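Scrolling down, you'll hit the structures one after another.
Two complexes follow with chain A in common, the first pairing it with chain B and the second with chain C.
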Partner chain A sequence: MSEHVEADALTGPPRGVKARPLLRRRYLLPFALVLPIVIYEGLLIVYPIVQGIFGSFTRIELASSAATTWVGWDNYERMFSDPAFWKVIRVTLLFTGLVIVVALTVGLLTALLFNRPFRFRPFARGMLMMPWAIPEVPVVMIFIWILSPQFGVVNILARMLPGVTKNPQWLQVPELAMGWMVLISSWKAFPFYSLVILAALQAIPQELYESARVDGANRLQLFWNITFPGIGSTLELLVVLAAIFSFKQFTIIFLMTGGGPSGTTETIVIRIFNTAFRFYDYSYATALGVAGFVVSLAVALVFIMMQVRRAEDSA
Partner chain B sequence: MVAKREDARVAAAKIDARRLFNTALLYLTVAVVSLIIVFPVYWMMISTFQPSKYILRFPPPLLPQELYFAQFAELFSEHPIAKWLRNSFLIAAMTMLLCMALSVLGAFALSNLRWPGRNLFGLFLLVTQMLPEVLILIPLYILYRRLNMLNSIPSLALIDAAFILPICIWILKGVFDNVPPEVLDASVVDGCTELGALWRIVLPLSAPGLAAVAVVAFFFAWNEYLYAGIMLSSGEFMPASVGLSTLKAIAQTPVEQYMAAGLVFSVLPVLFYLVMQKYIVSGLTAGAVKG
Partner chain C sequence: MSDYTNRRQEGSRSTLNRRDFLRSASALAGLGLLAACAPAAQPATEVGADAPMERTTVRYLSWWFEEGNRGETWNNFVDEFNEYQAEIEVVAENIPFDQYTTKTIVGTQSGQLDGDIIMATPELAPRLIQSDLLVPLDDVLIRNDITDLSSAHDALRKDGHLYGLDMVTVAFGILYNKDRYEEANITPATTPQEWVDVSAALTDRENQKYGFFATHLVSEPSDFWFQLEVWCMPYDGIWAEGTTPLLTSDPIIQGLKLFKQMYDVAMPQGADNPTGYRLFQNGDVAQGLYVSAAVGAFTKDAPDVYPKLRSAPIPWETNKSIARIHPMMINKDSEVVEESMEFVTYMYQPDNYRRMVEGCEDVIFAQPSAARQEYLDGLEWLKPGFFGVDYLTPFDIVGDFVYNFNEFGQIVITNFADVLIAGKSVEEAMETAQVQAEDLADRIS
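Moving on to the complex of A and B:
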């Protein structure tokens, strides 16, 4: 009997099979296994978040030994009436939106290209993954060098444009700086999306294409009626993931522009960092952090709801 | 009769020509796209392996003019890069060990055991993985300051492991899901406990997944910049990600050394990520997509 129950407990994940009532003692093991993880993540992730929410209602003095004082909604009142905060929100939306569009478009196009059979394809795919595999700090180093106003290789291209006679100050002009932040972040991110889309493309049954071709469908029709529906749910998921990843982007922007010129590339994560570690205004920085937390939690919930829906569809 | 055969031959040649043109176009597109994608990496190599007199002119030559290898020795003698790499290695190794131990437990509970709260646990992991690291930085910094845990390599490894653990658990869960339940049933019928089954059946069958978790955890900590910069402000513990960001190209560090530093730092993560990409993708998408 007891062996029977054990076997039952081990057969998960459930695939539409109803669980037989289990002995209470059976749950001891999973809880014991999971408890250290919950405590660990609780201490290092959840507790700091709670502390941060609490801290955003106080005035924190780290330098002096003065006690933290309760200030109520002061930090939030300051935040919402601060034009700089709304500028940060606009910059964040612009950056995140542009990276989603650019990275996913390039990811989709390269996936469609690399889905076609050709020689050296495994090699070409390895190349495609290169930007994703390189750590962010060397990426920053490469692009600082490529964008150098004196010797940067990108100036060769810029000089080919009509009317450009001097090497541009790539990271000093607001529009150019934002453009490069989007391009570099997308360059780093798109291989991941491309790989995911490739996997979805390969899951589309080839017979669909063959029978549609027999019926005389052209390429565009094939794409709109077979390919696009086939990868639609994957693309949806990737939009949300791309939103999360680009919202988190810190290192590239921080090391290349620090948020400048004059705040035009300062997304909320950069702003939080600068407020805390440049201006030592920890309380206001935690309030900004709570604002960022609310946004990312909302996006994460969208992702989770899509996951649950997918799980239900496939069950 | 002859004319008819001639017609057929012309038609065949036409089809051949069209196919050839399409193939050529495909290869050309692939070549151009690959070139654009890989160019920044190519430029890093070019700038590393030739003396800067070629690269410090405008316009710079697009092909290497001369090979040069002394920059690596100069880099290691003029900058504490060996120490930086050693610190990175220590942080990464500790993060890796911690993650491997904990993710085996979590993934086994999530994949092979059935218990109430299992889905909730999965969601909990998913959410912690999606929050921007900087949001937790300030409270954690204040906490670490109070506890006197700043400037310590193990303390940083604790944080790195907390951030990457959820992804590691999702990766391993996907791998454990592939262990046939019948095998587990059989072992339990043979008198094995659940933990025994984990140790004797699940783990040996999941070697590639464990390797993937090791790679992901190791290089997450190796690459990590934000927390390393704040928590290890003293030069003694500075890891390479932070150290490299302090180098100033041209002004202080010759370009070939600067790019050589980037290259030295990237070689290992690039190699291992490319080998393990399939697992990493499934972990990052919480199993929604198997790459």
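Moving on to the complex of A and C:
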């Protein structure tokens, strides 16, 4: 009797025997539970991606009576032969790389600092999160004022430097503009990375440090042989997150430089926005969007491969 | 605890299981949803023979219902029309200017043009006309007996029909603060070079006093191109003819060199548009090439400066400037075309039109005969900069690129920014721009 029940539960009722409603409900329940998120993801994520990919093979004449026409690879041919596209890719990779380095370095240093006991540490930790907590638009407003060639306070500091006799145009000189975009984006992002690294630091067993100290390890050796391997997987994850976050950074760049001067801060998301919503060239914008999607996917795949390798190594 | 109580509690635990709870919650949620979807209950007394006749709603879309004088004037007119008759109710729907064109175009692509009555910018209007999305408005002229429509309307015609009626014309002119001119003992310029000299004389960078301001940042692309387009005027040029860009033509090169001179000697370099506007309000910027619509905003934003505003004569021989027309149009797919036509006809009655223009403190009359001399005489800043000027429209100066106005403008401003910042020559920058614009022409033709 009990064997029959177990067999039914595993394989369903025998042929010809009507399934019991209770069991059928049990089979359906998991599907019913995931259905809402599948519908949500399908409608709002998968469908737009598929539609975007489809759109990149068409020519859409906005607000016209002309029908959408299939143009095959035309938009991609245009994209790959457009020097401006390659410039945008270069700028995007440069910006992304710099933000990863600056934000993670500062995040790591502040995490190491906040991992040590000192007076008012809880308050200082709270303050650390401020840049991350402030929305991007007010941050942009504040920095536009700080960097104003007429009224910006940063000019006072700049004019203390030898050879600086007039207020620099911080956002109009190509090198300075890119530097400020990296600094502001990193300033905005580093608290999050710092917090995650701090959590990883606190998970490292203190016994390892004590044993190493007994063996005569100095601070640098402690960091290099215990701390760094201990937070290695977290740093890998943060590199991927920082790459994705900075890759899609829009608000700060768009509002502060608009991609200028001379396109030196024009990343791919700025280009996509301008192409779609200022030039109304939707088909080409979707092709650019697909290119951006592929680059993001590549970053994510690299991370997955790293994780797989790490799992294999530890196994 | 008694047995009875224990049994009751056990009983209630067994009856209110998870499934029952979910079922009850679903039923309640469903009831709530039904209740929300159901029409609001009407008091019995309101339903009866005395109920007022239901009005037909007409949706009127524009960006100006929250814009100072203009917003107030238009809202008043909508109210006035709704009171004037009992069958139609016009509903004003505001969409911020920055989003207006995109929202209209994307909406059209997604299904159909939104709204019944639509305002349009000079760049949006031809796109809508070309796409056959509008109703001809010739009847409005016949019903109002209008025969002297401004020539700017030629751009709003297709196959002999008129598809838009200009409601607001804003024109570019040189507006200055008379106190700053008087302090420096300066009289308005009469040639482009004099204009540069006057602007330089009004500039004292150390004390943050500037002779001139125009938007010049790539981070404000729409404003930059909006203002830069006028700089083809000083040497009587145009940016393009048909699909042929003329960016390397002599008038364009000379006009941009003039801008560069102004930038070097008189402008607060690197200042964004809000900063420039604020500097003008404070009197720290002496003059600017402003559209007439901006003056109305000064009455509220800068009441101290408004009485000091004067306009300088256009300092180039041709006396040409740009006027931007903003036509009112009716959606062909609207279900209330007749009712929409009623409102447009009402607004275009010469007397109503005149009251509207005066309320908005605009100065260019699309129906010249509707202008009232007393009103014009009362605007101290009107003459000579905004009066008797020979106006062209964006259609006249950018050719077929009017359909790709922003993209064409982006090519010009990004290359011209290299002149302002990176030390490129105007000729070199415009050669690059010309090639890019020709590529654009190939793509769109």
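In this section, the second predicted complex is superposed on the first by the 275 of 315 C-alpha atoms of A that agree within 3 Å, B and C clash if a C-alpha of one lies under 4 Å from a C-alpha of the other, contacts with A are read in each partner's own complex, and residues count from 1 in each chain.
Convention: a contact is a pair of C-beta atoms (placed from the backbone, for glycine too) under 8 Å apart; a residue touches a chain by one contact, two chains touch by 3 or more.
Small disclaimer: the values here were computed from a predicted structure and weren't measured.
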(request) Report the partner of chain A that touches more of its residues: chain B or chain C. (result) B
(message) Which partner chains sit in contact with A:200 here, chain B, chain C, both or neither? Use first/second/both/neither.
(response) first
(message) With both complexes superposed on chain A, which partner does A:171 reach: first (chain B), second (chain C), both or neither?
(response) second
(message) Applying the document's definition of touch, where does A:293 land relative to chain B and chain C: first, second, both, or neither?
(response) first
(request) Identify the partner contact of A:90: answer first if only chain B is touched, second if only chain C is, both if each is, neither if none is. (result) neither
(message) Just to be sure I read the superposition right, which of the two partners does A:263 touch: chain B = first, chain C = second, or both, or neither?
(response) second
(message) Contact-wise, after the overlay, does A:255 reach chain B, chain C, both or neither (first, second, both, neither)?
(response) both
(message) Once chain A of both complexes is superposed, is A:277 in touch with chain B (first), chain C (second), both, or neither?
(response) both
(message) Let me test your reading of the model: by the given contact rule, A:55 touches which partner, first (chain B), second (chain C), both or neither?
(response) first
(request) Could you give the residue numbers on chain A that contact chain B in one complex and chain C in the other? (result) 60, 62, 144, 148, 150-151, 254-255, 277, 282
(message) Using the touch definition from the top, list the residues of chain A that touch chain C in their complex.
(response) 60, 62-65, 144, 148-151, 169-174, 254-263, 274, 277-282
(message) Show me the residue ranges of chain B that touch chain A in the complex, using the header's touch definition.
(response) 23, 26-27, 29-30, 33-34, 37-38, 40-41, 43-44, 47, 55-60, 62, 102, 105-106, 108-109, 111-118, 121, 123-128, 130-143, 145, 158-159, 162-163, 165-166, 169, 177, 181, 184-185, 188-189, 191, 193-195, 197, 219, 222-223, 225-226, 230, 241, 244-245, 247, 249-250, 255, 258-259, 261-263, 265-266, 269-270, 273-274, 277, 281, 284-286, 288-291
(request) Over in the complex, which chain C residues touch chain A? Could you list them? (result) 102, 104-106, 108-109, 113, 127-128, 130-133, 208, 217-222, 268-272, 275, 279, 404, 406-407, 410, 414, 417-418, 420-422
(message) Under the definition above, what is the set of chain A residues touching chain B in their complex?
(response) 3, 6-14, 19, 22, 26-27, 29-31, 33-34, 36-38, 40-41, 44-49, 51-52, 55, 60, 62, 110, 113-114, 116, 118, 124, 126-146, 148, 150-151, 153, 155-156, 159, 167, 187, 191-192, 195-196, 199-200, 234, 237, 241, 244, 247-248, 250-251, 254-255, 269, 272-273, 276-277, 282, 285-286, 289, 292-293, 296-297, 299-300, 303-304, 307, 310
